[in-house]
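Once you scroll down, you'll see the structures, which are given as structure tokens.
In what comes next, chain A is part of two complexes: it sits with chain B in the first one and with chain C in the second one.
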Partner chain A sequence: MMRLLFNILIDIFAILFLPFLMAGIIKKTKSFWSGRKGASIFQPLYDFIKLIKKHLVISKTTTAVFSLAPIISIAGVFTASLFVPLISGSAFWNLPGGLIVFAYMLGLVKFFSLIGAMDTGSSFEGMGASREACFTTIVEPAFFIIIASIMALSGIYSFESLSKLVLASGSYGILIAIFAALALFLMVLIEGCRVPVDDPATHLELTMIHEVMILDNSGHDLALITWASSIKMLLISSLIAKIIIPDGTILYPLYYLITIFIISMIIGTVESSMARIRMSRIFEFIFIMSSLALIVLSLCGVGMFEGLGG
Partner chain B sequence: MTGYFIGIIILLISAVLVFLPILGITTADANIVKTLEFSPAFGQVNFAIDPLSKFFILIILIMGIISIIYAKGYLKPYIDKGKGINSHILFFVTLVLSMLAVVTCQNAFMFLICWEIMSLSSFFLVIFENENKEILKAGIQYLVFMHISMLFIMAAFIILSIKSGSYDFQSFAAVLQNNPELSNIVFLLAFIGFGIKAGFVPFHNWLPSAHPAAPSHVSALMSGVMIKTGIYGILRMLTLIQTPTKLMCYMVLIISAITFLYGILYAVSQNDIKKMLAYSSIENIGIIGAGIGIGMIGLYYNNFAVAFIGFAGGILHTLNHSIFKELLFFTAGNIYTKTHTRKMELLGGLAKSMPKSAGLFLIGAAAICGLPPFNGFVSEILIYYGMLKGLAIGNFFNFIILMFVFSGLAFVGTMAILCFTKAYSTIFLGASRNEISAREECSPSMIVPMTVLSVFILIIGIFPESIFKNIIMQPVLSLIDIEHHIKVFHPAEPVLMTVSVCTTALLVLLLIFLLLKSKLAKGKITLQNTWGCGYNRPNNRMQYTGSSYVSPFLSMLKPLFKKIFDIKKPKNLFPNEGHFSLKIEDIEEAYILHPVLKFDEWFLSKFEKLQNGNLQTYIKYGLIFLAFAIIGSVLL
Partner chain C sequence: MSNWIKTQNNEKIDLNSIPTLEIKVLREEIIKLCKLNMRPIGFFGKDWGDNTTKLFVVLADDNNGILYVSSSIFEFPANNYESLTPEIPCFHIFEREFYEDFNIKPLNHPWLKPLRKNQDNYQFFKMEGEEVHEVAVGPIHAGVIEPGHFRFMCNGETVYHLEIMLGYQHRGVENLMLERPSNQLAESISGDSVIAYNLAYSQVMESLKGISVSNKAQLIRKLALEMERVAIHIGDLGAIAGDIAYLMGASVFGATRTLVINTMLEFSGNRFGRGLFTIGGVNFDIDDEKIKRAEKIFEKVECDAKRMVKTMLKNSTVISRLEKTGTISTEKAKEIGLVGMAARAAGLNLDSRFDFKDKWIEELKIEPVQIKGTGDVNARFKLRYKEILQSFSIIRKIFARLKECTNEPVNCGYEALNKENSKDSFAISIVEGWRGEIVHIAMTDEKGNLTRYKIKDPSFNNWYGLALAVRNNGVSDFPLCNKSFNLSYSGNDL
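Now for the complex of A and B:
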């Protein structure tokens, strides 16, 4: 009972603070690579509090959808997080079909953030929404293939199956785990709108994707949206952590924190060392994820039916 | 108007007459059978209500009554213009009643007659505005397709009745079981026949032309209910065959996968709102088919859980689709009534003048995308889960096929989001793109039936378990062998549990954040123009259009579309003229159907000379025919 309570508490801590911390670490890494001292890693949290306090500026063109979108975003990612194993190592609800709930909750978030952006009638925001919607269409099937293959291989239909890869299937499982983790890392970059897909620091509306969609949001609306999108990054990173960290260790929370830390540092490093890809070639980048997914699929299939899984 | 009320009364009476007996059907084996004696040609005709029929009767009656209530407001402008609607209502009632006959009839001969009445009455409904040439053409295309469908079903039934020596479905079952070759052929024929009605690709061409042509309440009924009779036919064939062969399973699954992918791709590309909805119906028929396919694979591999979840997903999606598709077609009707256009790109900003329609469309759109907490989510998660469970049964081939369908369904889910965010934002959001925007909301007689539908959507989405136990369970069990019945625990239970847990969590969190926001929003809110990146004089036509919204996506999948551009660029120093239009044609129609029709036309034109208007020539033909007939009869 105490253990359960402890798990819930650290999970709540994770969902409330880790997203900000992740963003802070990414920023810190970027300033390290560019030779600056940089802001404290808690800066995103301070920004969030500052935004909450500000009052709203809303476009005259908008309808109720515009002010509903941030709430639905945050509620959607929170619900999705209940099905994902966070810092405690097991999800709050380990129910079958967690994958689909997770994906469709993110779909709900996406649906409302898209129409929220279109609500302003701005062509810039339309542009961002159009690109975001388009990229998701390719990411989602790849994500489904990866998780479903692993689920089929392990015979467990919740995200718990991810941790069974490394130990249960031996070296073959490690191979699958590497490819799956790599693909999910690309998904973090794409869904989190990081370089090389999107540059969160750009100042030209024409080249932005996610940032341009929230041009007209301000005050606590903007705060909720940024929080929601960093939670989304954290959730996908948690899946990577679940794949990498061996099942059943007591030190799971520690390993988890280290993994999140490393992922954030890698994102920061990628962001400092690479330029954004040209808009028309982003598809090619996203298809890398699809091909990784196909590799995972074939490895899992062969493992299941040819007995290599052991 | 009297005709209209008589129509409603007939439907209500029939509803009462049918509902009373079917309340008694509470288990999968309880059937009501009524035997009628027609002329000797038919033999005995059984009309039976089993759980499968009961399910379809529910859909047909509820949706039929809701549609006819909606029709009052929709037909009002036509009545004001002096158009008679009595015959229209007559055909509407005939359509509903003939559908009831189709789903209860157990005699092949009678079934075909009811089927034909259904097709004909819906044909007359489609050509309601028959002074318009386009509409008449669409109607005739529909009629032709329906008769091709009829031919295939007839062929299947003829084979069966020759083998069994009777027209009764039960005697067909005896012939079909333990005869895989025969059931393969019969199922293939029946699948094509019923598939044309349901709109499976590549037999879908009538849908995108008939739906925009028909008045909205008719397209709602046709898309929400009538095409489901095709699904009913396929399910009925399955109950007769009982254990499907491998060929059937994978054929249904693969055709369904192609159908949903094809349907949603074209739904994304359309700018005519009703055409978009028609293609989205094709997509949803594909999803239903995928559920049925999973169920069949479960049956084939003797895996009860997979079969149960697959069929449950397919059947629940049938119900769900009929609800939200009606809702969406009604919204399209509202828009058409107020703005007289179906082109999305001429609209914009309607949410301000028609807030109720906008909200209802949003509910329908979110439901059709399968988003929680609406009903589409429940059926889609069941189908997904059936596939997930099915991955591990069978062999590598099964694994790959199911994974293809699985990821295809995920692809479709995101494309549906693309499609319906496009539709919603182009029609309802932003500012009006043209002068034709509506100034007022539709009358309550149109809004009320739509509200009822949206309540259905929410109820199924939030309380899936009770709906499942009461409506879906029995038809599903009637499709699966009786021996495997599980009374207390059913395999879909954990998934439904997941659904109710996550919808509850979502709603609670939404409420919390809504309260928080209303606390926070107490501060000052400033209204401003939309940020135009420093540009101060934006105009409404600078907004993103539907076409530009989906353009990155369509350019990614270029080879799958046939685009017809019509561009006139502005020239000279003071450009005054210029226009741009883009039409996207169905590739199946452009590259397969049209060449076949062209060839057909060319081939038949060779015989034009036979008809030269000369009486003597015709007498000559008569004589030649007679000679052939006599010689033939002598020789044989």
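Now for the complex of A and C:
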């Protein structure tokens, strides 16, 4: 009982602070590569607190949808996080088929941020919304293929199955784990709106994807949206951590923190060393994730045929 | 050729010696000369009293470095003429300006819209279709840039047409120049070409006043001009890197640019060189110690810039963004009369430093930059890089030469400033700023007062080039195209 309580407490800590820390580490890495000292890694947290204190400015053309979107965003990612093993190593709710709830919670969040953006009536935000919607249509099936095939292989129908991959299926499992982790990493970049898909630091409205959708948001609405999108990155990174970290280790929280730290640094490094892909070519990049998903699917299929599953 | 009077850069001619032709004759003459590879650098009116307007035309023969001037008079009630644009398209912007300023209508002009005044009832080009949508940007932009309105007609992510509406920065500079001409005013016209504008103004006034400038002052002026070119080009390379989210480039170029403008601070007390020039020379001398320090800094800047550009051009993601983005063909560039850096990147051989030679080009053995003019962002990126290297080589030669002329005065004192202008004169000065040719034309009356001051910024020609360059590109590539041209709003709006 104590242990369960402890797990819940550290998971709450993770969801509250790790997203900011992740964003902070990414920024720090970027500063490092460009030869600057950079802001403190707690800066995103300070920014969040600053935004919370600020007043809201709401455009007169908007309706209730616009004000509702940030709340649904944060509620949606919180609900989604119930099914994901965070720092404690086990999910709060190991619901069989939780994958579907998870994916569609994120889908709901996206849907509301899209109509929230379109509610402003700005041509930019409509453009951003259409771009974001396009990418999601490709990312979502790939995500389903990866997770569902791993679940089918291990016979466990919650995210718990990810940790069984390496141990239960031997070298086959490791191969699957590598491809699945890689695909999920691409998903972090796409869903987290990072370079090379999107540029979170740009001020150019015409090139933005995610940023342009929140141009009209301010104050605590903006704070909630940025927090929600950081949590989204953390959730997908947590899935990678679950795949990589050996099952049942007592040091899971430590390994978890290290994994998140490394993922953040890799994201920062990718952002520093690459230019952003041309908008018309982004699909080619996203299709890499789809191809990886198909590889995972076929490997899992062969694995099941050989009886390697859990 | 009695229909034209020939003159040269920085030379004064008698206003009364400029031939005045019938507008029909002038039109034929212009078409004839433009077919011989000449291009307009001035096409502007002047109030000639009693309801009449005089139209002055200046054509440049870049191959021989000669300027041709002629004029025509519109007497009331004559208020129109047959437009030149259908025959020679590069006149379109000049005719729009002339129409706006003097209300003399070019008949059959295909695009007779306001240029910088009366923008309230601007009629935008319309495109219809189920999937066509318009995106309006500006006049206030997200970055710290000047105001201007852009309207994209898009189909999905592809731009069919871009219409640019400017005029928000119109301050009436040309009239201010008549009221109170000064170096301070000249250098404030466009903040990124302080040196080039001030040089053009100083030169045109020196021609009118008949002042000659010492070798040392001339060298310092050339030095400052090249430093401005280096600083802005490096800054823009950084901005291009920033626009494609290539972080390392943005920060390295940002840091190196600072070194250059800080050296300018050391030379003139201002990072952009404000207050450096005066009529008759320059205000600040540069001693050997400053030269030595600057040499060291520039060596580092050159090395850093070289390394960064090489790293960038090795990166496939960078190249895929730059290549074949915002392409403008050589034919099109010539047709619409692109000038300066953008024209050279599109394969035109136009550089007023070499076309209108002064004695230093030969004495310092300066060579033009060679580049394959593909006309895309990549070409403009590489051209800027090559011009940086060229400017550094010029700067090195100037430093070496400056050491030889230590005892010369750098300016002519207050007498030069107070000296009277020649009477009834007409003078042209062309300066190749980093963006392209900046043309200043001044006229005086029988008392020696300035009666007309005409300024042409390279942006005046090139904005339309930007509009053509983004056609059939992704709308998200527009900032990149825009930054590779980096045109001046205030230089256009005046």
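Here is the rule we use: the second predicted complex is superposed on the first by the 305 of 310 C-alpha atoms of A that agree within 3 Å, B and C clash if a C-alpha of one lies under 4 Å from a C-alpha of the other, contacts with A are read in each partner's own complex, and residues count from 1 in each chain.
As a working rule, a residue touches a chain if its C-beta (ideal position, glycine included) is under 8 Å from a C-beta of that chain, and two chains touch if they have at least 3 such contacts.
Predicted model only: the values in this text are computed from it and were never measured.
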Partner chain(s) touched by A:Met127 [first = chain B, second = chain C, both, neither]: both
Partner chain(s) touched by A:Asn94 [first = chain B, second = chain C, both, neither]: neither
Partner chain in contact with A:Glu205 - chain B first, chain C second, else both or neither: both
Touched partner set for A:Gln43, first chain B, second chain C, both or neither: neither
Partner chain in contact with A:Thr269 - chain B first, chain C second, else both or neither: neither
Which superposed partner A:Ser34 touches (first chain B, second chain C, both, neither): second
Set intersection of chain A contacts, chain C complex versus chain B complex: 123-124, 127, 205
In the complex with chain A, residue positions of chain B that touch it: 348-349, 351-352, 355, 358, 362, 366, 369-372, 377, 380-381, 384-385, 387-389, 391-392, 395-396, 399-400, 403, 406-408, 410-411, 413-415, 417-418, 420-421, 424-425, 428-431, 494-495, 497-499, 501-502, 505-506, 509-510, 512-514, 517, 520-521, 523-533, 538, 540, 542-544, 548-553, 556
Residues of chain A touching chain C in the complex: 30, 33-36, 123-124, 127, 195-196, 199, 201-207, 271-281
Chain A - residues contacting chain B, complex: 52, 55-61, 63, 65, 67, 70-72, 74-76, 78-79, 82-83, 93, 95-101, 103-105, 107-108, 110-111, 114-115, 118-127, 129-131, 133-134, 136-137, 140-145, 148-149, 151-152, 155, 157, 205, 215-216, 219-220, 224, 283, 297, 301-302, 304-306
Residues of chain C that touch chain A when the two form their complex: 133-137, 142-143, 157, 241, 243-248, 250-252, 255, 315, 317-318, 320-321, 325, 474-479
